[in-house]
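Pasting the structures in now, so scroll down.
What follows is a pair of complexes built around chain A, which joins chain B in one and chain C in the other.
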Partner chain A sequence: MNTQTTSSSKRSAARTALETAGIYAVAATLLVAGVLASPDFLTAENLLSILSGVALLGMVACGMAFITYSGNMADLSLPTTMAFSGIIAVASLSLGIVPALLLGVLAGLAIGAMNGLVVGKLNANPILWTLAVAFFMEGFMRFTWSNNQLYPEIEPGTPGAAFIGIFRLRTGPVPLIVLVMLALFAVAHLVMTRTRFGRESRLVGSSRAAARSSGIRVSRVVFFNFLAAAFAASVAGIFLTSMNKLGVFYLGQGYDFKAVTAVVIGGVMLSGGRGHIPGVFGGVLVIGLLTNIMTFLGITAFRQNIVTGLVFIAVVGFQQYQLRARGKDYA
Partner chain B sequence: MEAVSKRYPGTLAVDRVDLGVNAGEVHALMGENGAGKSTLMKILSGTFNDYDGLIRIGGQTVTLHSPAEAKEHGVGMVHQELSLARPISIAENVLAGRLPANRWGLIQRKALFEEARQWLEYVGLALDPRKAVGEISPHEAQLVEIAKVLSNKPCILVLDEPTSSLSREETARLFDIIRDLKRRGLAIVYISHHLPEVFEIADRVTVLRDGRNMGTLSIAEATPQKLVQMMAGQTIDEFYAARHPEIGDTVLRAVHLTRRAYFHDVSFALRRGETLGLAGLSGSGRTELARSLCGLDPLHYGTVALHGGIIQPGDYARAVSKGLVYLTEDRKADGLFLRLPVSQNLVAALTARHSTMGLCRPAKDAAVAQRLFTTLHVVAPSPEVDAGTLSGGNQQKVLLAKWLATKPHVLILDEPTRGVDVTAKRQIHEAILGLTAQGTAVLLISSDLPELVGMSDRVLVMRQGRLIGEMQRQELSEEAVLLAANGHYAFRTPDTVTSNTGRGAVRPAASLQEQGRP
Partner chain C sequence: MLAALFAYLSLFAPNFLSLHNVSTILKGASLNATVALGFTIILILGQLDLSIGAVVMLSGMLTIGLQPSCGWAGGFALALGAGLLTGLFNGLLVVKARINSFIVTLGTMTIVMGLMHLYSDGGSKSIDDFRFADWLVAPLVLFLPPLALIPALLVALFSVFLNRTRWGRVFFLVGANPEGAWLAGLHRDRYLITGFCLCSLMAAAGGALFAASLSSMTAAAVLGTRTLMTVLAAVIIGGTLMTGGKGSVLKSYFAVLMLTTLFNGIGCYGWGFEVQIFVNGLILALVVLYEAYAIHQHELLKGQRPDLLREVREGTVFSACASPETAEGESNMQNRDRFPMVCLTLTALVAIAAITAMYFKFASLPVQIIAPDGATTAYRGLPEAAHRLDVFALRGTDGQPYLFPPTDDPVVIPERPEDPKRLPETDRGHWWDIEFAGWRVEKAPMPASPGDGPAGKRVILLKAGDHPYWTAYVRGFHVIAEAYGMQTKVFNSNWNVDLQAQQTDQAINEHPDLIIFAPVDATACTPLLRRIHSAGIPCVTSNTIPCDEAMRYCLAWTGPDDWGQFRMLARSFADALGKSGGYAIVRHMPGSSCFFSRTYAPITELHDYAPEMKLLAMDTANLEADASLQLVSAWITKFGDQLKGLILADDGFELTGTLEAVKKAGRSDIVIVAAGNSKTGMDSVAAGETLALTCQSAEGDGALAVHTAARWFQGEPIPPVTYLPKHIIIRENVDGFMPAQW
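For the complex of A and B:
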C-alpha cells in the first residue's frame, strides 16, 4: 500500500515536471537564439538585466496566477492597483518611509478585498467587474490628485530619497527587485502546493459548483485569491513608482495583459484549476528573453507588443485545442 | 416504429421496441425512470443520428437523423425541458424558423403577432404575443411551447410530461386541446407518470421497462394495478439481500421545513443506522428539500437539528464539517471535478480535515485516495487519470467515495445510481450498506423504485411539495410506493403513523385531503 501511495504521488509529480518542461524548453531555445543574435547576449550582466527587466512583470504575474488558477481568468484592475499603491506610498512619505510603504500595500489590498468580496460573494463576472474597477480607480486618482503627478522629495536623507532608492538597491550584483520576485514565486509555489488554501483554489478553479457542493467555502477562497493578487501588484507598483520617481495614475498600464500572457504561456489554463507556479516563472522568463532578443535585434517597442500579442493568441489557441482534444464533454 | 434500438456507451437504452400509433389516437407511454421512454421519443424526433430499426410514418419508411428531418416528416415534440428563448417575444418563439417576411426580408410584425395570437388563443392563453417569454410564468411557457409545436402543423405529436407544471384548470384545457387534435386525425404520444391522467386521456397504453416493450393495452383492459405491475417487475428479491439494520437514536430532526414554491412544512426524523427513503414523482420537491436541508439552497422556515445542535441554514460548509453531507443528483454539474485526477476528487471534501495550521497533508490525502480507489473497485488505469475520463458508474463511485471519506453522520443520497450499470450499482449499494452498518443515517432519494424499496427501512412519500405519509418496511413494495406517489393510495391516518413510528417520529405534515389532485 505504502509503495503504491508514493508511486501515485510520484506520478503526479512527474506529470507536473513534464508540463513545466515545455515552457523551459522554449526558454532554452530562446537562450540559444539570443546567443546567435548577439555575442553580448550570454554575459552575466545581460542575463541579470533580463531578470531585472522582468522582475516587476514577474511579481504581477505571480499574483495574477492566483486569479487564473482559481478560475477567475484575470484581474484587470491590477495596473490601477499598482498605480494606486505607488501614489498612496508617495503621498504618505511625510510619515516616514516604513509607514508609507505599509500604507501603499494596504491601499492595494483594499482594492483586492473589494474585488474578492464582489466576485466571491456576489458572483460578479471577474473580467467585467475588475474592468469597471480599473476604470473607476483611474477616474478616482485623476480626480483626487487633479490629474497631477506626485513627486517625492529627493533631498538626501529624506524619506523621499529613500523611497526612490529602493528600486535601485542591490545585494552584491543582484538587484533587490529580482530577489523580491524570486521570493514571491517561492512563497506562491509553497502556498499553491502545500496549503489548504492552494488546494481549495485548485478545486474552486476546476469547478466552482463542485467545490461548493464539496463543502468548500468558495467565496472565502476567491476572496483570498484576489487579495494575494492585489498584494503582489502593490509590491510591484511601489517598485515601479520608485523607478519612475513619481506616482501617477497611468503607471502599471499594460501589466495586466503581459501578466496574463506570462501566466497562460506558463501553462495555467484560462479555464482554471490547472497549472503551477514554476510554469508561470518560465512564462515570465520567456517574455523577458523574447523582449531582450527583440531589443538586441533592434525591434521597436510597438512591434514587440505585436509579437507578445501574437504569442498570446497562439498559446490560448493551443490550450483551447488541447482542451477540445480531451473531449468537449468535460473541458 | 419497428425493432428500434439505441445503444448508449455501456447500456442498451432502447432494446428492439415496436410501437404503433394510429392517426386519431392518444397513445400513452409509461415506464419508470430510465425505462427508455424519453430515448425512444428522442429517436422519433431526430435527436440521434444513429439508431437501429425502422420508422414508418404514413406507410412510408423514413430516416430521422436530425430534428429538421423529423420536423419535415411531421413529428412535433413538446419536451419536458422547455426550448424557448427567454428574452425574445412569445410571437417570435412560437413562429421561430418561419417568421412571416416581406420580399425585402423584413419581418412583417403585424402578420407575425396576428398569427401568434391565434395560436395562443387555440391553447387557451390570453397573452400579448409581444411580451417576452421571460416575463411569463412557467406554466404559461409550457402552453406557449405547445403552441409553438402545433404551429408547425405536425401529424404526430409527442408530449413528454406536459402537465408537470400545469394547474388543474390548465390540465383540463390541455386535455380539451388534445381531444380536439385527436378529432383532426393527429397521432398523439403522451408520456406520463401520472396514472389518473393516462386513464383520462389515453386510448391505448404501452409500458416500457429496461428499454423493452412490456406490452400494449387498450385503456379498457388496463387497471392502475396492472400498469404498475408491468412497470415495476419483480427484480427486488434477487438483487437486494435481506438486511438487519441496527437502528439507534434520532440523529437528525427536521421540523416544519419550508422553502416557498418548492416544499411546505416538512417534518421528519432520521435515526442512527437507518436508511430513510424519500419517494415522489419528479417535481414533488424531494431534491429541493434535500438541498435546503443541508444548507446548499435557502430555507425559509423551519429548523434542522443534528445531534441536537441546530444546523445553520445556508451554510453547507459548516454542515459538512458536522457530518451532514449531500451527494448531488447531477455529478457532471456540481459533483465531480471532471478535469482533475480521480485521486484529488476522492479527497476533495477533506481539505479542512487534512490540514494543520493551513498546511495540507499530501501523504494523508494519497493514502486515503488509494484506499478508497481500491475499496470501491473504481475501474480506471490509475487514480491519476482525470475523473472526466471514467464511465458513468465509476464516476458515481468516485462521487460516493468522496463522501464516504468524510465518515458522515448523515448522508443524503440523491439518485445515487442514476445511469449506472448493474455491477456498479451493486458495488454502490454494498458501500451504502457498509456505511449504515457503521451507524451512518442515510436519506435516500431515488426514482429507481426497486432500489428505493430494496434499500429503505422506511419511506416518506412526497407529493407537490408536501409530505403525505410514510410507509414501514413491511408494507413497502414498488406498487405501493408508485401508487402512493401518485396520490392513489389511502395511507393509514396520520395519527396511526405517529403512534407506530414511536420515538423520534414526527407527525406527517399534511393529510390526504389537503392535496391538490385526486
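For the complex of A and C:
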C-alpha cells in the first residue's frame, strides 16, 4: 500500500514534469533569444526586474488557476476584487496598518465568498455571474467614493507610509512581491497535489456530475476555489494599491484576461481538471520574458500585442495537438 | 410574447413626447444591436467570441481610412472583408485546431486590437465628407433614419433565417447537441465556421456603420471593451443561453434597446455612469441567478418520487411523444423563456418612469443653484445680482484663482506650412494642423447671443469621462456656473464615443441654452457638433481641442495649451541636461490627443532647441504603473548610461512606475519631467525626484469653459481659442500649487 502510493506520487510528479516541460522549453527559448538580443539581458538585475514586473500578474494568475482548474473557466470580477481590497485597506488605514491589511483582504474574500456561494451552490454560470459582479462592484465603488482617488498619508511613521512601503520592501536584492508570488505558487502547488481539496478540485473540474456522484460536496469545493482566487487577487490588489500610492476603482483593470492568458498558456485546460501550478508559473514567466525581450528589441506596444496574441494561440494550439497525439481527449 | 413587447414599445412611445427620443434611442442602439446580432448566433452555437469589440474598432478604422481612396463601397467591402477574415481565422482554429473558442478569440482580440492600432498609428481617423453620415441619421421612413433601420432590417432578416429555414434551425441543433447534429449527418464544422464568420461580419458591419455615421473613428480601446461587455450582458438578458442551443436575435435586439433606453433614462435624471453600470450589473445578476435557480430546481426535482407521481397524475408520462424528463425540461424552458421577458419589461418600465419623470421635472424646474462652499453662497437665489460677482476673485482648492483676467499679449501663431503632412514628424510644421486647430477656421453661421447675461440660463456639460481630473473639472465648472446663476446638468460618457453620440442627441432633445462639450475624441466629435449646430444650440468645446472641421460648428474652444506647455517643459528638460544626452518618452494612451501632443511637442521642440539630444525610445504603457515599471526598467538595462532623461505624458501611475524603476536601478541621476499636476506628481517634485511638471488646472479648465459661455450670453465677443495659463511647476514654486486639486 505504502509503496504503491509512493510510486503513484512519483509517477504523478514525473507526469507533471513532462506536461509542464513544454512551457519551460518556450521560456528557455526566450532566454536564449534574450541573450542574443542584448548582452545586458542575462544580468541578475534584469532577471529580477522581469520577475518583479510579473509578480502581481503571477499572484492573480495563481488564484485564477484555481477557478480554471475547477472547471469554472474564469473569474472576471478579480480586477474589481483587487481594486476593492486596495480601497478598503486605504480607507481603514486610520485603524493601523495591520487591521487595514486584514480588512482589505477580508473585503476581497467577501466578494470571493459571494461568488463561490452563487456559483457553487446555485450553479450560476461563472463567467456571467462574475461579469455582473464586476459591473455592480464598479458602480458601487464609483458611487461610494464619488469617482475619486483615495490617498493614504505619506508622512513617515504613519500607517499610510507603512502601507506605501509594503510594495517597496525587499530582502537583500529580492523584492517582497517576488517572494510573496513564489510563496503563493508553492502553497498552491502543495494544495493542488497533496491535499484532499486539491484532488477534489481536479475531479470537480473534470466532471462536476461525476464528482457529485462520488460523494464530493461540489458546492463546497467550488466555494473554496473562488475564495482562494479572491485571496490571491486581494493580496495582489493591496500590493498594486501600495505601488500606485492610492486606491481607486479602476486599479487592476485588464488583470482578468491577462491572468487567464497566463493560466492557459501554462497548460491549464479551460474545460477544467487538467494542468499544473508549475505550468502556470511557467506561463507567467513566458509572458514576462516576452514583454521584456520585445522592449529590448525596440518592438512597440502595438506590435507587442500582435506577437503576444500569436504566441498565445500557437502555444495553446500546440498543447492541444500534443494531448490529442497522446490519445487524450481534446478539451 | 413579441406582440406584448411591441405593445410595450408603442405604449411608452407617447411618453417620450417627441419621436425624436425614440429615434435617439434607436440610433444609439445601432452599434450594439448589430454586434449583438452576430454574438447571439455564436452563443446559439455554444461558442464565445471575445474579439467582437476589437473587430468593431478595426472595421471602423478601415472604413474611414480607406474611404478617401476606395469610396464608401470600397471601404465597407474591405472592412467587412477584414471582419470575415477574422471570423474565418477564429472558426478554423476552433474547428481544426480544436482550441476552445474563449482562448482563440482572447488571442484574436489582442491581435486585432494591435493591428488596428498599427494601422491607425494610435490616432483617430476622419474624413470631411459628411453627406453619407447625414443621410444615415436623417429620417428616411417616417421618423426613422437609416442608422436605426439597418440594424432592425438585419435582425428581421436573421430572425427569419434562423427560425424559418432549414439551415438556420441547424444552428440551434449544433449548439444544443453537437453529437446529435453529427449523427444526423450535418457538417458541424461548417456551421461553426459559418457562425464565427457571421459573428465577426456583424461586428464589422456594426463598426463600419458606426464609423460612417460619425465620419470618423477613434483609436481608444475603451469603445471595443465596453461594446463587448454591454453586448454580452444584453444578449444574456435577452435570454440566450451560454451553453448553446437557445437564443433569439429578436430578443437580443430588444434587450439592447431596453438597456439603451434605461441608460437614456438614467442620464435624463442626471445620474452618472456609476448608476448605469450598477443597474446593468444588477439586471445581469438577476438573469444569471434566475437561470441558475431554474436549473437548480430542475436538478432537485430530478428523480424524485413526488415529482414523478405528479407527472403521472398529470398524465405527461403517458403522452405520446414526450418522456417525463423532456416534459419537465420543456416546462422549465418555458419558465426560463418567460423570465427574460419579465426582466425586459421591468427594465422598460423603469426607463419609462425615468423618462416621464424627467420631462415633468424639466418642465417645472425652478432656477436651481448648487450650493458651493464659501464665497458665492451669499448670491444664492439672486441670479440677477450674481453676474456682478467678481469671478476673478474666486479661488480653487489649491489656492489658485479659478480664472485669470485676459491678458493683452497677442497669441503668436506661426505661418502654416504649405503641406504639413509632407514634412518629417520631427519638424514642428508637420503637426501644425493639430497644434493650432481652430485658429484659422471660418465659423459656420452661429446663433446670435441673447445679450441678456448668463443668469438663469440652462447649460448642459457633456464631459468626456470619469477621472479625478474630471471631478475637479466639474467642481470648477459648478462654482463659476453658480456664480453666474446658471443652471447646470452634467452627462458623462465614460470615454466611450458611442455613449457620447447618444448623449449628444439626448442633450439636444432637452433644448438647453448652451452646451459645453468636452470631446472624447478630437475628430469623432465633428458630426456631433454639427448636430448641435443644426439644432440651433450654441456650443463651447472644452479640454480636448477638436480638429479644424469640428471647430467650425462651435462658438469657441477653451482648455489647456498642451503643445505649448510641453514645449516649455521640453526646454526646462533640455536646460537641466545641458542640451545633450539621450532621452526616452513614455507616451499617453493611444486614441487620446495627448498621445501625440505630449510626444511630438517635446520631440519637435528638442529637435530645434537642443539638436544634440537623441531620442532613444518611445512607447505607451497605457497609463499603468506596473507596465511603466517594466518598460522603463527594460530601457534602463538596454540603454544604460546613454539614458539621461525621461519625459512622461502623465504624472500619476506612469510617474509612480517610472520612479520605482529608476529607484530600483539606482539611477537617481535620470532627469524626469511629466505632465501635471496631480498630488502624486507634486509630491515627487517637492521630494526632488521629479524635475518639473506642467501645470494644468482642472478646476480652471472647467471654470474657463463656463466663463466663456457667460461672456457669450452677455454679448461679448469671444476668441475662437482661449488657452489656460501656462506654468512649469518646479521644486521652488510647488508649494503655491498645493494642496493638489486631485
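Just so we're on the same page, the second predicted complex is superposed on the first by the 290 of 331 C-alpha atoms of A that agree within 3 Å, B and C clash if a C-alpha of one lies under 4 Å from a C-alpha of the other, contacts with A are read in each partner's own complex, and residues count from 1 in each chain.
The criterion applied here is as follows: a contact is a pair of C-beta atoms (placed from the backbone, for glycine too) under 8 Å apart; a residue touches a chain by one contact, two chains touch by 3 or more.
Nothing here was measured: the structure is a model prediction, and the numbers come from that model.
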{"item": "Which partner reaches more residues of chain A (counting touched residues only), chain B or chain C", "value": "C"}
{"item": "Chain B versus chain C as contact partner of A:Arg194, first or second or both or neither", "value": "first"}
{"item": "First (chain B), second (chain C), both or neither touched by A:Leu131", "value": "second"}
{"item": "Chain B versus chain C as contact partner of A:Gly215, first or second or both or neither", "value": "first"}
{"item": "Which of chain B and chain C A:Lys245 touches, first, second, both or neither", "value": "second"}
{"item": "Which superposed partner A:Leu203 touches (first chain B, second chain C, both, neither)", "value": "first"}
{"item": "Which superposed partner A:Gln304 touches (first chain B, second chain C, both, neither)", "value": "second"}
{"item": "Intersection of chain A interface sets (partners chain B, chain C)", "value": "271, 330-331"}
{"item": "Parts of chain C lying in touch with chain A, wherever the complex brings them together", "value": "50, 93, 97-100, 102-104, 106-111, 113-115, 117-118, 122, 229, 232-233, 236, 242-243, 272-282, 284-285, 288-289, 291-293, 295-296, 299, 466-468, 470-471, 590, 617, 619-622, 624-626, 629-631, 633-635, 637-638, 640, 653, 656-657, 660-661, 664-665, 679-680, 683, 742"}
{"item": "Residues of chain B that touch chain A when the two form their complex", "value": "296, 316-317, 319-321, 325-326, 328, 332-341, 343-344, 348-349, 351-352, 354-355, 358-360, 362-363, 366-367, 369-371, 382-384, 386-389, 402"}
{"item": "Contact footprint of chain C on chain A as seen in their complex", "value": "38, 40-41, 43, 45-46, 49-50, 52-53, 56-57, 73-74, 118, 122-125, 127-129, 131-140, 142-143, 146-149, 151, 154, 168, 240, 243-246, 248, 254, 257, 260-261, 264, 269-271, 288, 291-292, 295-296, 298, 300-306, 308-310, 312-313, 316-317, 320-321, 324, 330-331"}
{"item": "Residue numbers on chain A that touch chain B, as the complex places them", "value": "1, 4-6, 8-9, 11-12, 15, 194-200, 202-203, 206-207, 209-217, 271, 273-274, 326-327, 329-331"}
